[in-house]
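Letters A, B, C and D mark the chains in the order given here, with residues in each chain numbered from 1 onward.
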Amino acid sequence: MLYRENGQFKTSYAADQQIFPIAQDRWAIVGLLLFAFVGIPLLVDEYLLRAILIPFLILSLAALGVNILVGFCGQITLGAGAFMAVGAYAAYNFHIRIEGLPLLLSFLLGGLTAAAVGIFFGIPSLRVRGLYLAVATLAAQFFTDWVFLRVPWFTDNASSGSVSVSNLQVLGWQIATPVDKYLFCLGWLVVFALLAKNMTRSAIGRQWMAIRDMDVAAEVIGIRPLFAKLSAFAVSSFFVGTAGTLWGFIHLSSWEPAAFSVDRSFQLLFMVIIGGLGSIMGSFFGAAFIVILPIALNQFLPAFGGLFGVTISTAGVSHAELIVFGALIIFFLIKEPHGIARLWSTAKEKLRLWPFPH
Amino acid sequence: MKLRKFALTASATAVVLSSLVAAPTVLAQAKEQFFPVLVYRTGAYAPNGTQWANGYVDYLKLVNAKGGINGVKISFEECETAYATDRGVECYERLKGKNGGATVFQPLSTGVTFALTEKAPVDKIPLITAGYGRSESQNGAVFTWNFPLLGTYWVGAEVAIQHIGKKEGGVAKLKGKKIALVYHDSPYGKEPIPVLQELGKTYGFEVQLLPVAHPGVEQKATWLQIRQQKPDYVLLWGWGVMNSTALREAQSTGYPRDKMLGIWWAGAEPDVKDVAEGAKGYSALTLQHGAEPNSKVVKEVLEQVYAKGQGTGPKDEVGQVLYMRGLLSAMLGVEGVRKAQERYGKGKVMTGEQVRWGLENLNLDQKTLDSMGFAGVMRPVQTSCLDHMGSSWVRVHTWNGSKWEFSSDWYQADDKVLRPMVMLASSKYADEKKLKPRTPEECKK
Amino acid sequence: MGFFLETLIGGLMAGMLYSLVALGFVLIFKASGVFNFAQGAMVLFAALAMARFAVWIPDWLGIGNPALANTLAFLAAGALMFVVAWLIERLVLRHLVNQEGATLLMATLGIAYVLEGVGTSLFGSDIYKIDVGMPKEPVMILEGSFEGGLLINKEDFVAALIAAVLVGLLALFFQKTATGRALRAVADDHQAAQSIGIPLNRIWVIVWCVAGVVALVAGVIWGSKLGVQFSLATVALRGLPVVILGGLTSIPGAIIGGLIIGVGEKLSEVYLGPMIGGGIEIWFAYQLALVFLLFRPQGLFGEKIIDRV
Amino acid sequence: MSRQIGEVILDLKNVSLSFGGVKALTDISFDVREHEIRAIIGPNGAGKSSMLNVINGVYRPQQGDIILRGRRFSRMNPYEAAKAGISRTFQNIALFKGMNVIDNLMTGRNLKIRSNLIQQAFWWGPARREELAHRAKVEEVIDFLEIQHIRKTPVGRLPYGLQKRVDLGRALAMEPSILLLDEPMAGMNVEEKQDMCRFILDVNDQFGTTIVLIEHDMAVVMDISDRVVVLDYGKKIGDGAPDEVRANPEVITAYLGASH
């Protein structure tokens, strides 16, 4: 009954165009942010931070990027992993080759490099679309896999081809403990999520969505497909690229191209599909779902089997994980093609009317 | 409303999150030494990973059946990594604090090893990488928590050249020869390259590099190139299905199998059994042991574990090459604990830091090994603070169409060649990471 | 010259196998507009079934004759693929009629995961052998014409032949039988086909069954070459550039595309690879497909897409 | 009517268009004067929609010129056309289904947006001001079309008639000088048609917008248009004021004749 917008009249367009036009939502988000910045570091142990929360934050950022391209602009990509790799390796090279370059700047430059590469691999989108484009993006994936394995310059001639970083400092802040890493990723994500939201609610976002929904009509209105598509590729790759830098620098701190393989690309695509195409919020839901599901299954299935006196082997769990994962994807596609975000907003609609059904 | 929604969300989150960490920690108080087991029983590398894991777990079960480590029972938990680095890291994070803290990690993946090398010093948990991992981590002064026991890839590469040299009738005869390296395109496969190139310069042979992309099922072009270039020898540095594919392609392009020499990860039953006759004459290095179905320790496993129906894998695979590798790896970890107990108190549960001391002061002489049932399986290992490898004995075995047979004497890697490279690479690492290598004095502590 | 020919022939034979995988894609796409990412998982599943049945069936029935055991295993695996096809239509596709291509694509990715999981739980994740008596040793021909002669891989040759025969049979099936014609009608226009009384659901089951059989044949060939294990699922990724090059809706496209990709990647790896470090064939195939796409967005033989406003 | 019909602003000269050998338009010429309502009629498949598509550059004619305010284009492209002030609606409603009404109309303001991507990302300075200004403009269109109650509804959920109105709204949001309407009244009931007629006349009257219109409903066409072009099988068979066209025998046999 408390979740109502009655009485909250908008007196200006500015008020109507806020990200969260309903006051309760604004408070909830403030609460959530407070909890994330203050509560979680106090409450949560290292395992949760390192194995779940940090990957969740970073993959949310990547999913956000993929969602911009797939969900908002309608260009399917199976090569997101490639742009993570480009971001990570570019940032690595800026980091080690330019003495004294601030880490933040390396990260941003990594993202920008990814954006540039993204534009390049986005060019086919001007000619081909849909499934053909999806496969074309795989070309980017396999090509970058190869480049970072094979061109020693990118890995600073490391004999093994694996690179590592340490002693990360941002503006004098040593990012060493899991809590530091968590807070850094969280801060980064909050900023970029805000930027993403702003883009999607202003002219550029409308251009992307117009191209997605009806590209001929968009062109007739004066939206240039070239600009709209390539800017989506650029922004998306930038996001995905910086997620890659965080994944490499902050999460793994030592990585090889396999960290950004085609499996990662599929994983990111699943996140946006399950989370909700064309929804900022959905990217978070999707990332949470995909990060937690396998770990949860891993922990629950043996315990669950134990209840019935069945020991489920490690292999059994992994197989079950594949099956459950696949089945859930299918289930979502059939039951809720718009993903968890839609479930969420339906629930909110219901809540607004509760306790009256209509 | 906000409050209620918030409370709901928060409690739901709390339930999910706590269930993720909580459950088994309750049991942790028991006096048990916890061995996390990172395995891969699914995915592209499962056929090989599974055998290793079975051997590893069976040995832990054997130790328990025999009363534990001076009375301390071993507890263990598997975690599936699927040979993927990020999943390996997650497993590490999940298991490192469980059941009173992890004793030692053995990730069985070079990629995971690279990632954990950064993390282990912070958590103070030793990392045993018997026969894989970073070659320069032999230097315990810099890599204080890594233990590439029994051998590294550089040892493998150096011995491989020794063996080829011997077959040719002396390393001097290698001049002008051409040796191709068919390798898994990953940190694992790239490790031997610097040593081969170095030796190539010294002895005057040419090294031809032929990378094979993961998972290694597409090698037609590689073997066409081999057919064209006609290298005198082919070194096979593969893992999983890549090995058997290489042998099949060698067969179908007619490259003589007896000119092929594999690393010890390319010399086990899953690699050759389906190629059977087609792989006859193919040789591979061994990490001391081969297939050892007749060794005493295997008999013990069969009697004390399998006879009671507690075996982890199929009985007929007990004693196969990768099974033995897993078993040996577990043994090394257990012996590290045993050694640590000598110093820090017998019958107590050791911390990771104490186990590191144990691993650094490992001294398994032949008598001890024989008494543990490893007679004929392996040779003595003695580590120190500065040498985390302990020994570099290697034999070669050859597939006769139905089983592996030893076909060479013992080799030992040439320290004169490898030591400078290890020192150079590890000091480069120390510089990058701004680490101060341990001095001999610090070691004594 | 001899070596060039060898590479060329090797590429053509590898290409024929790619065509076989690509054919699975094309069949399903033509009839239902589904881009079936699960084709690789189907290959794995079928091969696993075949490999295990070939061991189990003699055990159950006490058959000693390996040829008979293989035949029975093949039939059993084929029957299993029919069941799989039926289940896929029943449980998944039926509920996703008229969804967008992207949704269907994701659904097949889900199917792929389920098939991989079910396959490895039912049949195990070890490496298994399919032995249908393929010749393994190479032969040399034309030793008089070229120095060292031309080496022909008999196994590849037989595999390519089988693939070619299967492709031929499928073409006949599509052209000559009533079911084939119905399938083509569905491919051209779903609604029109339905309106003249072609039952869409049945057609889909049939086409997935056919794709299942194609997967089984591909699985047997690849499994016999490489051993049956998890990596077989990745052959789907090898088939993708082929369909892109050939066009998603064209059976001849799948064949020609397979040959072009096969030859292209082998030649590139052998001649271009050493210059830039090797291991290039996978991405080269994709780039090759991409370059073609830029000039012909619908693939070599695909139907031209015209926008209507 | 108070409006003053002006000079020729759009002139099509000898336009021919074919698709892979099939002729859609053959050697068609006609002009459009400023502020007038110009109708294109003809039986199904006469090439009417193709004609509109040529005018705003969706299709590229093989031959012929388009002269817009004295500038000669041998081929238009949609972006150039939009910049030159041509906007249009679509026969099969080409709204952006994933967006709500306001956002659909806001896309119409796209060409007038000056702030760049970075400014928009930060929702800062000019970007924010612009967003508000354009929103105000869009609200005017909403008021004009009387669709205030559905502003925040996703267009996919709207009934057909309203979708058509939003389609018109999006075109109006561009503040076009020439508005191309492709069967704006197809599929509507009488009441909706009357509304739509009123909006078209009001647009023409209040904003002085030149209108090129395709419509099937003869009564409507004859009522509201100033001049009519008749196409049949891609050829022009008549051109002139409604009454003239009605009297043209060729038109009667080809088109009107078809109805008896």
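The rule we apply is simple: a residue touches a chain if its C-beta (ideal position, glycine included) is under 8 Å from a C-beta of that chain, and two chains touch if they have at least 3 such contacts.
Since this is a predicted model, take the numbers as computed values, not measurements.
Colleague: Just to be sure I understand the contacts, which chains border both subunit C and subunit B?
Modeller: A
Colleague: By the touch rule set out at the top, what is the minimum number of steps from subunit A to subunit C?
Modeller: Minimum step count, subunit A to subunit C: 1.
Colleague: If you take the mean of the Cα atoms for each chain, which one ends up farthest from subunit A?
Modeller: Most remote chain from subunit A, centroid-wise, comes out as D.
Colleague: State, to the nearest whole Å, the distance from the C-alpha centre of subunit A to the C-alpha centre of subunit B.
Modeller: Comparing mean C-alpha positions, subunit B is 35 Å from subunit A.
Colleague: Using mean CA coordinates as chain centres, what's the subunit B-subunit D distance in Å?
Modeller: Taking the average C-alpha coordinate of subunit B and of subunit D, the gap between them is 72 Å.
Colleague: Using Cα averages as centroids, what's the distance between subunit C and subunit D in whole Å?
Modeller: Averaging C-alpha atoms per chain gives centres 49 Å apart.
Colleague: I'd like to verify one number: the distance from the centre of subunit A to the centre of subunit D, where each centre is the average of its C-alpha atoms, in whole angstrom.
Modeller: Each chain's C-alpha centroid was found; their separation is 41 Å.
Colleague: Two-or-more-chain contact residues of subunit C, please, as numbers and ranges.
Modeller: Residues 120, 125, 277-279, 282, 309.
Colleague: What are the residue numbers in subunit B that touch two or more other chains?
Modeller: Each of 41-43, 46, 50, 185, 211, 213 in subunit B touches at least two other chains.
Colleague: Residues of subunit D that touch two or more other chains: which are they?
Modeller: Those would be 58, 90, 94.
Colleague: Taking the complex as given, what residues does subunit B use to touch subunit A?
Modeller: 1-2, 4-6, 10, 16-17, 19-21, 23, 39, 41-43, 46, 50, 53, 78-80, 82, 84-86, 89-90, 93-94, 96-97, 110-111, 114-115, 117-119, 134, 185-187, 190-191, 193-194, 211, 213-214, 425, 432-434
Colleague: For the complex, which residues does subunit C have touching subunit A?
Modeller: Residue list for subunit C touching subunit A: 35, 91-92, 95-96, 99, 101-103, 105-107, 109-118, 120-121, 125, 237, 240-241, 243-244, 248, 276-280, 282-283, 286-287, 289-290, 293-294, 297-299, 307, 309.
Colleague: Provide the residue numbers of subunit A that touch subunit B in the complex, in ascending order.
Modeller: Within the complex, subunit A contacts subunit B at residues 1-4, 24, 27-28, 31-32, 35, 44-48, 50-52, 55, 145-146, 149-150, 159-162, 164, 166-167, 251-256, 258-259, 261, 263, 292, 295-296, 298-300, 303, 313-315, 317-319, 322, 351.
Colleague: Under the stated contact criterion, what part of subunit A meets subunit C in this complex?
Modeller: Answer in residue numbers: 70, 76, 124, 127-132, 134-136, 138-139, 142-143, 145-146, 149-151, 216-217, 262, 266, 269-270, 273, 315-316, 319-330, 333-334, 337.
Colleague: Going by the contact rule at the top, pick out the subunit A residues touching subunit D in the complex.
Modeller: 13-14, 17, 195, 198-199, 202-207, 209-210, 212-214, 216-224, 231, 235, 278
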